[in-house]
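As structure tokens, the structure follows; a few thoughts come after it.
Chain lettering (A, B, C and D) follows the sequence in which the chains are written, and residue indices restart at 1 in each chain.
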Amino acid sequence: MRILTSGESHGEYIAAIIEGFPKGVLIEQDFINHELKRRMQGVGRGKRMLIEDDKIEIVSGLRNKISLASPITVLLRNKDVKIFTQNKDELPVLSIPRPAHADLAGALKYKEADIRNILERASARETVGRVCAGAICKQFLSNFGIDIASFTVSVGEAASHIKPKSVSDIKTKVKNSKLNCIDITIEKSMIREIEKVGSNKDSLGGVTEIWIDGLPAGLGTFMHFDKRLDAKLAASLMSIPGVKGVEIGLGFDYAKKKGSLSHDEIYYSKAKGFYRETNNSGGIEGGISTGEPIIIRIAMKPIATLRQPLNSVNIATKKKEKAIVERSDTCAIAACGVIAENMSAITITESFLDKFGCDSLDEIKVNYRNYVRTP
Amino acid sequence: MRILTSGESHGEYIAAIIEGFPKGVLIEQDFINHELKRRMQGVGRGKRMLIEDDKIEIVSGLRNKISLASPITVLLRNKDVKIFTQNKDELPVLSIPRPAHADLAGALKYKEADIRNILERASARETVGRVCAGAICKQFLSNFGIDIASFTVSVGEAASHIKPKSVSDIKTKVKNSKLNCIDITIEKSMIREIEKVGSNKDSLGGVTEIWIDGLPAGLGTFMHFDKRLDAKLAASLMSIPGVKGVEIGLGFDYAKKKGSLSHDEIYYSKAKGFYRETNNSGGIEGGISTGEPIIIRIAMKPIATLRQPLNSVNIATKKKEKAIVERSDTCAIAACGVIAENMSAITITESFLDKFGCDSLDEIKVNYRNYVRTP
Amino acid sequence: MRILTSGESHGEYIAAIIEGFPKGVLIEQDFINHELKRRMQGVGRGKRMLIEDDKIEIVSGLRNKISLASPITVLLRNKDVKIFTQNKDELPVLSIPRPAHADLAGALKYKEADIRNILERASARETVGRVCAGAICKQFLSNFGIDIASFTVSVGEAASHIKPKSVSDIKTKVKNSKLNCIDITIEKSMIREIEKVGSNKDSLGGVTEIWIDGLPAGLGTFMHFDKRLDAKLAASLMSIPGVKGVEIGLGFDYAKKKGSLSHDEIYYSKAKGFYRETNNSGGIEGGISTGEPIIIRIAMKPIATLRQPLNSVNIATKKKEKAIVERSDTCAIAACGVIAENMSAITITESFLDKFGCDSLDEIKVNYRNYVRTP
Amino acid sequence: MRILTSGESHGEYIAAIIEGFPKGVLIEQDFINHELKRRMQGVGRGKRMLIEDDKIEIVSGLRNKISLASPITVLLRNKDVKIFTQNKDELPVLSIPRPAHADLAGALKYKEADIRNILERASARETVGRVCAGAICKQFLSNFGIDIASFTVSVGEAASHIKPKSVSDIKTKVKNSKLNCIDITIEKSMIREIEKVGSNKDSLGGVTEIWIDGLPAGLGTFMHFDKRLDAKLAASLMSIPGVKGVEIGLGFDYAKKKGSLSHDEIYYSKAKGFYRETNNSGGIEGGISTGEPIIIRIAMKPIATLRQPLNSVNIATKKKEKAIVERSDTCAIAACGVIAENMSAITITESFLDKFGCDSLDEIKVNYRNYVRTP
């Protein structure tokens, strides 16, 4: 499976093509729109979220909602269009890069004098395309009982220590949360932090945890370093704008513990097969899924754009100036969770198709069942 | 550039082929041997390190030490050979998987009854091939003043808070350390922790920090999610056996801070060009190198094999048994740092060749110079 | 550079995303429309060509016609839409495969009962997406004086033996041809063949020759078999629907000649540098461009769909029946040339960006000039 | 599956690593040696073939001859070693390129003054590594009744018109041929041509035909252009040194025929399932295997090195000189067939693993059987 996404933040369209997706999978546009809506929500979001309604159209690869094995094209027309592919826009040149954004590094890389030509694609709006692709993958995975959820662990200093039981437990608990939270008490502190920081024209990040239930043991492999499931997940999650840390299972806490107190002992019962009573590994050992839930935490840095801008330098004049102020969020940790779920869905689908074939859902189901049944 | 490594832990050879490496680079076998020796050292290592001397031979791709642009082959003959490609060995079947290792997930994935057939490739000895490839990449990067070092940040509860100034500062300070440490005081506590844990037949992990100096701004890109330098580094570091967490710059601490206090303001001087006075981003913004040092921390879990074994299940009989005990280390955090340096070298070289071409060192140098000179 | 195309023959859209295309290239929609129009022309084409006008829209990756280095999206809305991604169409199930088309092999591969679900993507209309991508690559290559043309060598038994001098010579000569021909006399016989065969409800193929002028020596390499320029061109041309043969330079005639009479001797002059007086190699030696024009011929089989259908088998009943008749062309050799030009443009652009970098046109130009100037 | 090969013609070793090869496949070194011996034979070969004995050693990836799913390493130590990776050799600089070889284009590409640094990897000895990998793939495919053979169709003007019935028919007939021929009468003319041309210090090419029996319908796909089986085979065969043309089934003759007389009508019987009575398509329709034998012809140009050398230019002095004379063959068409078989084996194995999974032979067999049984 190969995925390309495209689209500038204020260009005409966001698009994605998903190639190598199997035949016979029911794909509902509404589910994709639902995921996009989840991506737009959360306390701390900016005004762009009020402008866009982010309703997609699938224009190839399905017939009557069923995938054809041909490339799937998803289109989303931006409402807030400011730059044009063919016609000249009237936007002034931007020459003052914002710290923490791609502005300066991008301008240097591409020898670009107008920072707008950098920030349009570097904007996190690009993740709309990823969520479209991920939401299609989620619908594939649901055929095998694989389900993914996320919840906000911390925002600034406000951190929850409640542990969920399962993906469905997470889904139930976040349903009424404004911040994708499973801990209502802490959620209030989180919201207070965001509001306080927002009123100071400052920004915040946070930590999100992703759970994947229902994976069989055996996805990914240690046979070559670039085929490990942990490596692939680390890449797809670290690629989310603003994410600066990824940890699996105990993660950094593993480094503080003794082996005897941290490794997951192995058990067997006829009903469950091999299983663990702990899951410190986060569901991956030796780069392979163990069959336990995959658990990953990611850290997001504060939003790069500040309404009280930081010091910067005009790249044309080389003079010191305050950074430009683009409309932005105060905190986007809830959105980050949704994006992370969908990036995980892409990676898991890739590994799943590698193992079980990729032509048609029926054939994959047969292969899958034979695999899980064989001792 | 493409790299394949091969070799079982107790098979005849470890090998690596590096394809797409440019012409004209001086490659010293001795430097590779030196990196391999560094990989074998550190307090807490097992007896295998006394058996092997890990001297490689390069058998293609160079003529009189200079690369030809043809694939480079590195061979290392194992001394401790127990399994054979063509002849039958006498080793008994292993059927009790060790928790935290690839044993069980691997046996399930490959429907394998003899766990030895899993652990031979899943063993961390596989990283020898990666270090060979990385040490070749380090020699390429040195032509552009790019240098990489690592140091041990913590082992169990013993953690150093000293910050280095640069790669060369790290290199000077770790020279006399037994644990790749820049903090002699804490090193003593670390060694004590390892010795205590070792005498209890238990194991430990730790945290290592990697620095990369001398990179130009402009490697990697946000234009597609899989081309981001942060994503690529996350994958190559998370792929190291035992690594469960990766963070760049402030990493997880970013999630606790406000934007105004964490983003790196931008400065300019004629001598230095654009620069920062802080480097919380760890040298990467928007998935692109900023020109500041790249700083990454990784967390390693405790060694999986315990000499006081954990509970497991015999995969043949399904009965509860103690896990098998293979010869192993107590703590390998110093080795982990060396492997991480070399995996980083591979990733940086890939991104460097993507940007500046890949045919010959002379041509790349011209392209590089033109790039860094052009405003 | 990575390209994905999508779209069913009678679905809502044909689309393409081109990722990794450099910044700063002027891209005219009109030129792409012009190439698409060329693809629709030629004696022997069916009625679909009258329905579609094939005008594309670029909806990302450019700003005011200049590429941004972000993924470029091209959209083309089909007029003749019969199947729908979300809504149920009323089309009857097709169960009789056409020989020589993907119908049967595709139905077996995907376990598909309705052959329409196969033929929609297998239709040569898919090549619209390729031409869009190729026409963008052509506009990139023109910055380096690289130009591509094709001409029809034979249709059925009617074959031209005139040899062109250059790409511009071809372009001049085919301008007034109805069949992309440089030989007006033979063109008449070709047209007669097509008309005769068409009136018998039969179909024809032909041979097309592609020329690429202006390439520097040094694209592609023998260092690994999958990096050879000849191998890459063979793949991209053989992938065109209906193409069953590819030959470079003398091609199959090489097999009949002695080395002394077929190899291109090497000359040098100050004005031209190294050059050849013959070009039997077709511009590629050792998998690398020599700097002489690249010359390739491809053979196209007769159109698969016959209006006087062949014997087939109903895949539902397994009974013998006549193949289904879909609207189709009699001969599409002129279109095949246009598609081949554009597939070649993609492959040449890939090899060009591999050698000279891929970030921005300005940077690539500097790298290119330094390369061609250095002795 | 990924394959890297390495090794210079007169360097210490030829090597190959095959990564992603499934577990549980019996691999006999002797079979690989047998294929290498076949590659060395045929009338018209040079003296190198007397020096080398080409016996390989597998040093990883197998245990007691059974594949472990870990990367397989094949090593072959050259006997005729002249250049060294670490020690200085005494060879003089070569500055006169041979026409038709990679010498000049390679020297220009890599800015290389000593042509020996080009020709060492560009030499066809590189194909030893490919045959090693291909011979491993052949052993995998034999588990599914897939078998591959080749025969020499023509050498210079001497051409055979006999058509074989199957791969096993070819294998029987070429057994006693000195030129991989199934037509003893024409073989004599071929040998005479080679001897005559050889005595004039000239060289010859030829045409070889490759057959692949036993493939199921359904490998490759038209869903994206780079996934077509015809495109992949074209690339792997065109990548063989000296090959300048590839045609599938009727190939270039298709261009002369009407559709009604060339397309393969479809039949069905309970015993055989769907089948054809003709096979003009060469076993591929729409980029997918049809289940009929795959039939491909390739054209090889005359050997590039002539003992009566052609005109060339000294790249140092730019003066006209006769090309250098390296030891070489007069005609290598029989070897070309063996290489083509093995390159095809690699490509077919890739497509097979894509469809049926890639972890273990047992799992693949189950998946394969379910696929071919399901209607």
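The criterion applied here is as follows: contacts are C-beta pairs under 8 Å (C-beta built on N, C-alpha and C of every residue); 3 or more make two chains touch, one makes a residue touch a chain.
These numbers were taken from a predicted model, which means no experiment stands behind them.
When the contact pairs of A-C are set against those of B-D, A-D or A-B, over half line up by residue number only for B-D. Of all chains, B has its CA centroid at the greatest distance from the CA centroid of chain C.
A count of C-beta contacts for the chain pairs C-D and B-C puts C-D on top.
Distance between chain B and chain C, defined via averaged C-alpha coordinates, is recorded as 44 Å.
Chain C and chain D have CA centres that are 26 Å apart.
Shared contact sites, meaning residues of chain D that touch two or more other chains, fall at 4-5, 19, 69-71, 109, 111, 121, 218, 221, 223-224, 355, 359, 363, 374. Contacts from chain C toward chain A in the complex involve residues 2, 4-8, 11-17, 19, 23, 29, 58-65, 68-73, 75, 83-89, 109-112, 117, 120-121, 359-360, 362-363.
By the touch criterion given at the top, residues 19-20, 69-71, 218, 221, 223-224, 227, 354-359, 363, 366-367, 370-371, 374 of chain A touch chain D in their complex.
Against chain B, the residues of chain A that register as touching in their complex are 4-5, 97, 99-106, 108-109, 111, 121-122, 126, 130, 154-157, 197, 200, 202-207, 217-219, 221-226, 228, 230-241, 243-260, 262-268, 274, 276, 281-282, 284-291, 299-304, 306, 308, 310-313, 315, 318, 320, 323, 343, 355, 374.
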